[in-house]
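Please find one structure pasted underneath; my questions will follow.
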Amino acid sequence: MFKNMFKPLFKSKKFIIGLSIVLFFILLGIFGPMIYRVDPTEMTWDMEQAPSSTHPLGTDTYGRDILAQLLYGIRSSLYVGFLAALISLVIGTIVGTFSAVRRGITDDLLMSFTNIVLTTPSILIAILIASYLDVRSIEMIAVILGLFQWPWFARAIRAQLMSVLSREYVYLSKMAGYGDFRLIVEDLIPTIATYAFMSFVLFINGGIMGEASLSLIGLGPTEGISLGTILQWSVMMDAIRRGLWWWFVPPGIAIVAVTASLLIISTAMDEVFNPILREE
Amino acid sequence: MISKQMLKFIGRRLIFLLITYIVATTIVFILPRVIPGNPLNQILSRLSQVAQANPEQIRAAEKTLMEQFAFDKPWYVQYFDFLGNALKGDLGTSVSYYPRKVLDLVIPVLPWTLLLLLPATIVAWFLGNSLGALAAYRRNSWIDKGVLTTSLIVSQIPYYWLGMIFIFFFGVKLGILPVGGAYSQGSFPNWSWSFVLDVLKHYILPFASIVVSAMGGWAIGMRLMVIYELGNDYVRFSEALGMNDKRIYKYVFRNSLLPQITGLALSLGGALGGALITEIIFNYPGTGFLLFRALTSLDYPLIQGIFVILIASIYLANFIVDFIYAVIDPRIRLGQEE
Amino acid sequence: MSRLVVKNLSKVFSIGFLARRNVEAVKNISFEVKEKEIISLVGESGSGKSTTAKMLLRLIHPTSGKIVFEGKDIWNDIKTNQELKEFRRSLHAVFQDPFASFNPFYPVERTMWQAFRLMDKEYSKNEALELIKDSLVKVGLDPKDILGKYPHQISGGQKQRIMIARCWLLKPKFIIADEPTSMIDASSRGGIIKLLLKLREEQGTSIMFITHDLGLAYYVSDRILVMKEGRIVEDGNPDDVVLNPQHEYTKILVGSIPKLYRKLEDI
Amino acid sequence: MSESLVKIENIRAYYKLKNREVKAVDNVSFEIMENEIIGVVGESGCGKSTLSNVLLNNIIKPLTIVGGRVLFKSNGEYVEISSLTREEVRERFWGKEMSLIPQSAMNALMPTIKLSKYVEHLAQSHGIPKNELLKKARKRFEDVDLDPQWLNRYPFELSGGMRQRAVIAIATLLNPQLLIADEPTSALDVVNQKVFLKILLEMKRQGIVKSIIFVTHDIATIRQIADRMLVMYAGKIMEISPVDKIVEKPLNPYTEGLLNSVLTPEPEIKKRGITTIPGTPPNLIEPPSGCRFHPRCPKAMSVCKEKEPKLVEIEPQRKVACFLYSEERA
């Protein structure tokens, strides 16, 4: 069923390019640290060195290897992204589905709540929460970010389900004695699957960007290295004004490459699945 | 001309935003109270770990925090005191700038943030939408492909990282623009030409980094809106009546722009977050910079105060945008749509 | 004996959150349908005819009133799963939009496999497949052309025939046909109608057409109910309703429909 | 006998897709006379909407004119509009000489400006003084039984039927010679449909428009307003004749099939019964050989499979493409 559905995607140049870049970074995050076995926290006397053969991306103020940091950073940034996306997806799906299926007061209340979260600047709340936490694990950061980026998704899911629920095949399934659960699994989920996948991809972006933002103001994970923390260190040591470009340029490029590729994937999916954008 | 329907719409939005504001301030209230352990002790012990804190400051902090959080009273008394004070504009006393009031600290820096955020956001919105519309009108041409691809990438550049690159390139490498601050060190704010010029010079890079990275998102969204809009029946009908292209494009632009106005309201929060960090990167003396100072010195009253004020400004801006939207879109003004 | 009795049926939808508004979709309607009878509920969109159909199908709950099918109140007397199954099998539907009647993610025969959930007897997979093929042939389709196809690969007429094939499997006592021909081409319309009529002849099925097409209603039904703004404004045999309408609305309706053999007056 | 307003000669309009062609309109010739309403009927996918685009020269890729020409009479001379670009035709003819009532006329008005503003913009586009056109619009609104006050409103303030009437009023503001109505009534309830047809007839009677081409799948509607009926099947014209004669005695078996599937509330229909044309319309990428209708035709002969019947006049004013009526009947 899904195989047929996703086939046309692989004809889209955009999708292939986006997917290749993302896969490259995922592989880099998983296997990079295994292959490039340099401890990113080990301080050496090679301080603030420009890229060379011993340190392909140079070193920071404490002589730590930037490439090693970057590989670990990609790993944890992707991890934060995925985790935050998963949380957003679950909350959004639950809220959206409940709203659409239950209607009435449940719907009104859930949607008012959704709108409140939507209007409230999530990054500010994230900053506030993070500021009260003494120790912040990577997972905690993902939860904080995941808790606030679901509202637009919940609204879209609700709208889609509302329209599906008034389609006749849903009535026909109900008339064949389908219970709510079976109906959701067989008739509703496939319909929202592509949209959910596209949104998941964008949620990952939100997670990666959010982590970087929190880190930059010193509220990132207190343990481990992420792309955001590398940037934060470079800002703290004023690497920019001192011209240590190899310190702050690579993590930014990594962020932009991953998030832009994910966005390109989602755009390509939209172009393939959305009849109005489809090109013959 | 303000009609009854419009008042109704505006009234509904106002009530909604008030509720939202109460929810947000409630979060501010609840957070320190749900963090496990005795939060006051925890805050104080963390405060003493921060290098700058000396015993005198810690005692001052203890005093203000006791006042602020008033843990000895029942929670509902605490809550209403908190809400009441927040409404009165009494946001407590800063710890790190003791004994200065939070409000007195925030008010002077707020204009700098607004000066940076508002023009940059509006310019980015306008440029992005124009580019997006242009791409959609010339769909599948090289302009379209160029705009779309560039936007897809540029929209994903965080404001602050673009800021870093700009500082490095224009400030450090080329040395043509200042590398930070809102004005040259040693000069004091006044209304002389030289000072205004100095401010403008410092303004260019942070402004440009926000505009450039915010533009892409608008362009992508607008391109889609216009493509949808071009498929509408009124376009075909107008063409068939011999209406000229320029006018039809104006129609399409107008109708596509309306949803983008609502989008602007919703994006303000994210934009503010980005601008705050951009300020930190540029040492720009705005709210973001103050927040950063408050965070590093664990000045909780100040953090909370900044939060409450920023959220309020966002909601206010939201409300203004809603108002403009209601004036511009006749369907809202005359009450066709909810 | 009447197969279906509808008494004082009403449906009120309430919309809006803070300022709740009530919309009366169906206002106190009553009618009966006999065994083997074909009855048409005619009305423009928004007249409440589709809401009525959904209440009869036990898909939405009426605000007030009673629907008694085969002597049982469908909202109060059906308690066990077994009874519900029995009801669903006996009262089935064919819907308006052949494109919306099929979930695009599944092969078209899914709708027929679903029918077996309502049967009392257990069938093996092979037996079931044979039955499906038989009923496809019954509705004039070649199983080869249909099985394994996805909805976008077959025509609207074919889809509508598959829906009727589902009814052939279930052999319901009552079919509600909600605009069964409004979205398919004129040249295949006759076939669909004939299939439904055949079902009535062979199985004694009662059929209720829900339609805006007075021509269809006039042609097929034993009785026509005209609905406007939630009320039944005219109830009678087709010749009376069409050739000698009583209610003002029916007069206007009949007077506005373009005819083939006569020109409309005052045009 | 009046002259023809439009001459369509051997027009072939294909949708050229990546690796296939959809022959939506294939070698079609007919004329639209001055002062006539011509009804185009056919089932979905027969090419009737493409035909209306060809008439307007609204040719947007992938639609391509592969052959033939369309001549439009303007100021007493025939202009070959099919050799002009879409933009040229649009500039010179649209709105002034030919106009369109689109399929979903209810949504055809620019939603966020007042109707009067729209009329002013239209005047600007055509270089006419605003007030002159506004005055005309007010008059035209009265013609279609709408209070001119509605001009000062936004489209969404009007009901569906009113919007439809406003669309006709605006579409005919510049007295176009040819009005193309593309399934204009399908979204309306029957009462408003009738009003619409009435207005259309009135427009022609008053000479506001000269000729109307009305595209629909509903023969009964054509019967009410058209002088001639053109029956299309799979991109071809099967029959073109005066409406009365077709209803009385259809010549082409396809026309007969279509007529026999009409369901209107009339005793004749009940007596006659309703029949179905077996099979389904062919795809237009690889249409059947010979007569395109032969696989479904109850009267098909062996010649039908091999040769394509020509559209020939077999009675005065009656043209049919069918071997039943031609010499080649073997």
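Residue numbering begins at 1 within each chain, and the chains themselves are lettered A, B, C and D in the order written.
Please note the rule applied: contacts are C-beta pairs under 8 Å (C-beta built on N, C-alpha and C of every residue); 3 or more make two chains touch, one makes a residue touch a chain.
Quantities reported herein were computed from a predicted structural model and do not represent experimental measurements.
When each chain is reduced to the mean of its CA atoms, the one lying nearest the mean of all protein CA atoms is A. With A-C and C-D as the two chain pairs, more C-beta contacts join C-D. Computed centre separation for the pair chain B/chain C is 55 angstrom, with centres defined by C-alpha atoms. Centroids of chain A and chain D (each the mean of its C-alpha atoms) stand 52 Å apart. Taking each chain's centre as the average of its CA atoms, chain A and chain C sit 47 Å apart. Computed centre separation for the pair chain C/chain D is 33 angstrom, with centres defined by C-alpha atoms.
For chain D, no residue reaches two or more other chains under the stated contact definition. Touching of two or more other chains is recorded for residues 112 of chain A.
The set of chain B residues that touch two or more partner chains is empty.
Residues 1, 4-5, 108, 112, 167-169, 171-178, 186-187, 190-191 of chain A are the ones that touch chain C when the two sit in their complex.
The touching residues of chain A, when paired with chain B in their complex, are 112, 115-116, 118-125, 127-129, 131-134, 205, 209, 212-213, 216-219, 231, 234-235, 240-243, 245, 248-249, 252, 255-256, 259-260, 263-264, 267, 276-277, 279. Only residues 44-45, 155, 157-158, 185-191, 193-194, 212-219, 239, 242-243, 252-264, 266-267 of chain C touch chain D when the two sit together in their complex. Contact residues of chain D toward chain C in the complex are 43-44, 189-191, 193-194, 197-198, 201, 217-221, 223-225, 247, 257-270, 274-277, 280-281. The touching residues of chain C, when paired with chain A in their complex, are 17, 54, 57, 59, 84-85, 88, 92-93, 95-97, 100-103, 105-106, 111, 114-115, 117-118, 150, 166.
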